[in-house]
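In the two complexes that follow, chain A is the common piece, with chain B as its partner first and chain C second.
Presenting the complex of A and B:
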């Protein structure tokens, strides 16, 4: 375990740098977009005097650099600023959107890990035989279906035709947990593709690991099959899967816009879409901070897991 | 169009009379309408007597953080629908966009039309206090606040609010900066709601509207309940819930799945799929959106009126309505406001005539003309209309290049730059369309139509007390626009609403943004 701590420190510093870079990039890109919050709010009444007045009330008449510096100064005190459009604090936007997103991500993950791991190991155990082929065919097939299409299909068949589940979560944005039925279809859609990609990675890693010399050696020592698979082979198979899992969690936590829109779940993806359309720069920057930190932390966690599972592999910083 | 257009176009005198007759007919229609606003028409259509009680859930597209219960900040359809449930205006627009009294019972001008006395009806706010002249003046002064940017500010600009005063508890005397014959339109302006004197905080708003506030989460939901003492009779519904679903498919699925009873803003394709199938009811609100191409009349090639006329003749309006609106609409005749009060429906319907268009272009020295048509996915049908028109123009040798713009800044981008762009407008009185878009002083003059004589006609109309005489002036203005204006109005889109089969009393005539659109105090559940 020598070198883990300095490595972690290096990675954290790098992560902080990446976060700053993302925030600056988001700010620059938003400034580069045509129109600003005043123009977006004026909409189809682009009366120049009104736009000027709106700009003044939103303090958009100040230079971009000055606004960025002000915002960064606030951030140093943990203040993410407030929305240009509504004046509400950005933190309340993030808190409102984070609840539904976190709930969906957690549920998806709770199902994803055992399901994908189980399917992957099962397929690897029966490599080349019927079970493996069946699992491979189904996972490949489902992976090829985009979330949107699957969502529409599920809503049409399961919700509207069979009437087993509600088609959307409309009106339940604040109390999703009180109506678990509305979560079934969204979680199913979120689960569909990650399960497939992850199961395939576990399967491939498992087959490689089972064929590795140290496993053959362990087998010769008479270590029983289950222990061999889960204690010796699986950790090696997890390295690529852990990275994929981190990417999936990142994707889930940053708000899956397609699923949120289709099922009317007001998560972070919805907040992001609205903020872009309204050119609400402080909200966008707040989201950028959250997304960047999430990405950095998750990837770091994944790399740490790999580091622990397969010390030989080494970790590129 | 049913006035026999052919002879009219040859005899200006006849044409004029034809229009006046049409104006008269519109007037009669207005009278008939006044007699049966409320439940009667929809009750007939739906059958049965109104039933009291129940909760109606209505799904609208929302705007997340932008959503507000401050009625003066209302910007989205969802904002307006909520505002009209909680608040009242002094007047509102009927299906023909003429002003109907609401909190006002009457309005009387002085001889110069620059001083109007408005009497208020007996109405109470949700907290029990009466609606008074002071509340009215406070509300209007708040909207007109020069430090703020309320949407209705421009509409109230003709008012001199420092000179206007409360004569007594229920009488307001409005002083105007210049004669304003269409003063009642101002009382019905978008967002001109009456709030209690001194209100600044709208987190738990108090209004005089048919529903009282219960709860509100921006971007998610709003819950209201019946206001028993509503001056226009208490609503049939016990509760009203506004839910936000931004995707059309989500609104439709929620309606089909019984999660909502009313889905606002559906697509023509949805309407066609579900119309008459018995699962849900489709309501088409005609003449809700004017669809057009705006030509900048102050720059080449459109500074030549022959080129503008050629473009009028290039458009195959039927094909545009069928293609860009999926048939959910009617063809236009290069004038705003089909079906509205003062609309010049006596003018002959323009038909495509590529040969004459080619001839006109040749005379204007614009053969082989190339134009860029700005469009964007900002409104339904825009990109489709642009592509269809490009092909239509090609038949007369005009090369149209379609340029896609950002939908978040489209209206500002196209206001002063470019030469030709897709343009649409919601319902408003003809007079508002003129004053906002077609005068030298108009702030959103997308066709850059600036003519002193046209301005003078507008002033003349505003100084004309007699409705028929005013209609004649509007007719002259419209004839001018018809022959050489900058708006190629090719259609009027339906506004499509879906309701559950249990919903009764939804008005089927009111264009979006008028009084009876998204009006839930007249709706009941069976």
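Presenting the complex of A and C:
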């Protein structure tokens, strides 16, 4: 495994660069927009007193660079500022929404990898036959469907017509683990897109990998089928799926926002949408940084895992 | 087999697309408002959350989604094409890095998050959402253009054109652009489905469209409160969005299957005998040896 360390170093540098860029971008998008941020934020109620108050709390009279340095220094210490609406610290908003979102994300990721891998390998084993055609058609179709449309239809059929599962998480408070039935539909909807895209890529990579010379050679040596598939072919099949992993992380973060809105789960996505509705800039900034940094870290982790699987495939760094 | 896939994709796509494009012609004048969330009573599909006829809203609501998605895709490519071509064709490495590295960084930010951030501060209209979604898609599109063009730019014919002293535009558009066209068409299909997804999801989350707009995604969101008594006001637009996105994806897949010389990941393999697949465990060949037959 020579070359892992220099590669890791370069990849870490890229990750650090991305984190810095994300912080700058979030600040630029929310505060350094052309025009007066306070007027834009007052929005529907352009009352001079409110605009003055906004300018006061956001320190808009100071130059943007100075505010950026202050904010970034606060971020480095874990201080995200406080809400414009309630005055509560942003970190308390994050703490409130963290539990349900983490639960959803963990459940989805735990199910995603074995499900996508299993479906992909199953389709590749039966290439061209009914099982493969069925899996390919369904994954291709569902892959493009927005979560909210799929979710609403599932709720209409499963929850309202058949009454098998509760339609939303309303009335269960923060303690979702005590009511696992509430989580079935959200996790299912959250899984729909990433499972489809990953399964398709694993299938394609697996078909290529099974046709490779080293697999034919291993087969001649009499290595049993399951070991051949999972120990020798699958790691190579994961390389093309790696490029898609970045997108998958993106989809999961977007999906969480939609699913929480759809099933009324009090997680980070709900906090984010409330902040958007109330134009609560500090909360928005804090959440955006948390979401984006999570994306950067997950991408980094995925790239590292893939690099270990197929070192010569050379994931871009 | 291929014909069947075409037919399947066209059937799925035809209903929502025709409704979206021709629906507004048949919508007619708005009738009197009835009670909210009723079924029947002169309204084929019932009434919505403010008592409007659901069927009329469905007829009107497809056009904004489809138009915004098409405009955003076109706009993203209008910026990504020159960016990607410049990056692929330049001999100055720093220029290539300068053009592509910032985009790599942008890729790290979840696309919906960017849209929401901007939308919270400026409240964009329908045109603003198309612009935003296009912006979010530029990094990925530019990357795809650059990759496709870089492969074409490494061919001997491009060197020959350069030595003949052909103009940059002729080399870039006439030769490299044309050679990369097929890959780009495949990418455009993927991009369009992604853009449709983002436009619809943003509308569902209440960004871009007015809260009472005739828009399928807005209808799904606003009529959710009455789902127990009037499921059609939600199910009808949701079904149409599902059919629209699914159909677009199936159509592009059917159109590209069997045409690409080497199947892109996840696509059906062509029936013709193909060169042995590149083995992932061997180092990839250099760019110059890659596309020699």
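Keep in mind that, in the parts below, the second predicted complex is superposed on the first by the 271 of 317 C-alpha atoms of A that agree within 3 Å, B and C clash if a C-alpha of one lies under 4 Å from a C-alpha of the other, contacts with A are read in each partner's own complex, and residues count from 1 in each chain.
Heads up, the rule we're going with is that a residue touches a chain if its C-beta (ideal position, glycine included) is under 8 Å from a C-beta of that chain, and two chains touch if they have at least 3 such contacts.
Bear in mind the structure is a predicted one, so any value in this text is a computation, not a measurement.
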Partner chain in contact with A:279 - chain B first, chain C second, else both or neither: both
Contacts of A:261 with chain B and chain C, given as first, second, both or neither: both
Which of chain B and chain C A:54 touches, first, second, both or neither: first
Partner chain(s) touched by A:104 [first = chain B, second = chain C, both, neither]: neither
Which superposed partner A:155 touches (first chain B, second chain C, both, neither): both
Which of chain B and chain C A:233 touches, first, second, both or neither: neither
Partner chain in contact with A:214 - chain B first, chain C second, else both or neither: second
Dominant toucher of chain A (residue count), chain B or chain C: C
Contacts of A:85 with chain B and chain C, given as first, second, both or neither: first
Footprint overlap on chain A, where chain B in one structure and chain C in the other make contact: 33, 40-41, 43, 152, 155, 160, 167, 261, 273, 275-277, 279
Chain B - residues contacting chain A, complex: 57, 59, 63-66, 68, 75, 147-149, 151, 153-154, 217-221, 241, 243-247, 249-250, 253-254, 256-257, 259-260, 405-406, 408-409, 411-413, 415, 424-425, 443-444
Residue ranges of chain C touching chain A (in the complex, touch as defined): 12, 102, 104-114, 116-123, 193, 196-197, 200-201, 204-207, 217, 220-221, 224, 227-228, 231, 234-235, 238-239, 241-242, 245-246, 248-250, 253, 263, 265-269, 276-277, 279-284
In the complex, chain A residues that touch chain C: 14, 17-18, 21-22, 25-26, 29-30, 33, 37, 40-41, 43, 136, 140-150, 152-153, 155-156, 160, 167, 197, 200-201, 203-205, 207-209, 211-214, 236, 239-240, 244, 246, 249-250, 253-254, 257-258, 261, 272-273, 275-277, 279, 281, 284, 288, 291-292, 295-296, 299, 310, 312-314
Touching residues on chain A, where the partner in the complex is chain B: 33-35, 39-51, 53-54, 57, 83, 85-86, 88, 93, 152, 155, 159-160, 163, 166-168, 170-171, 173-174, 261-264, 266, 270-271, 273-280, 283
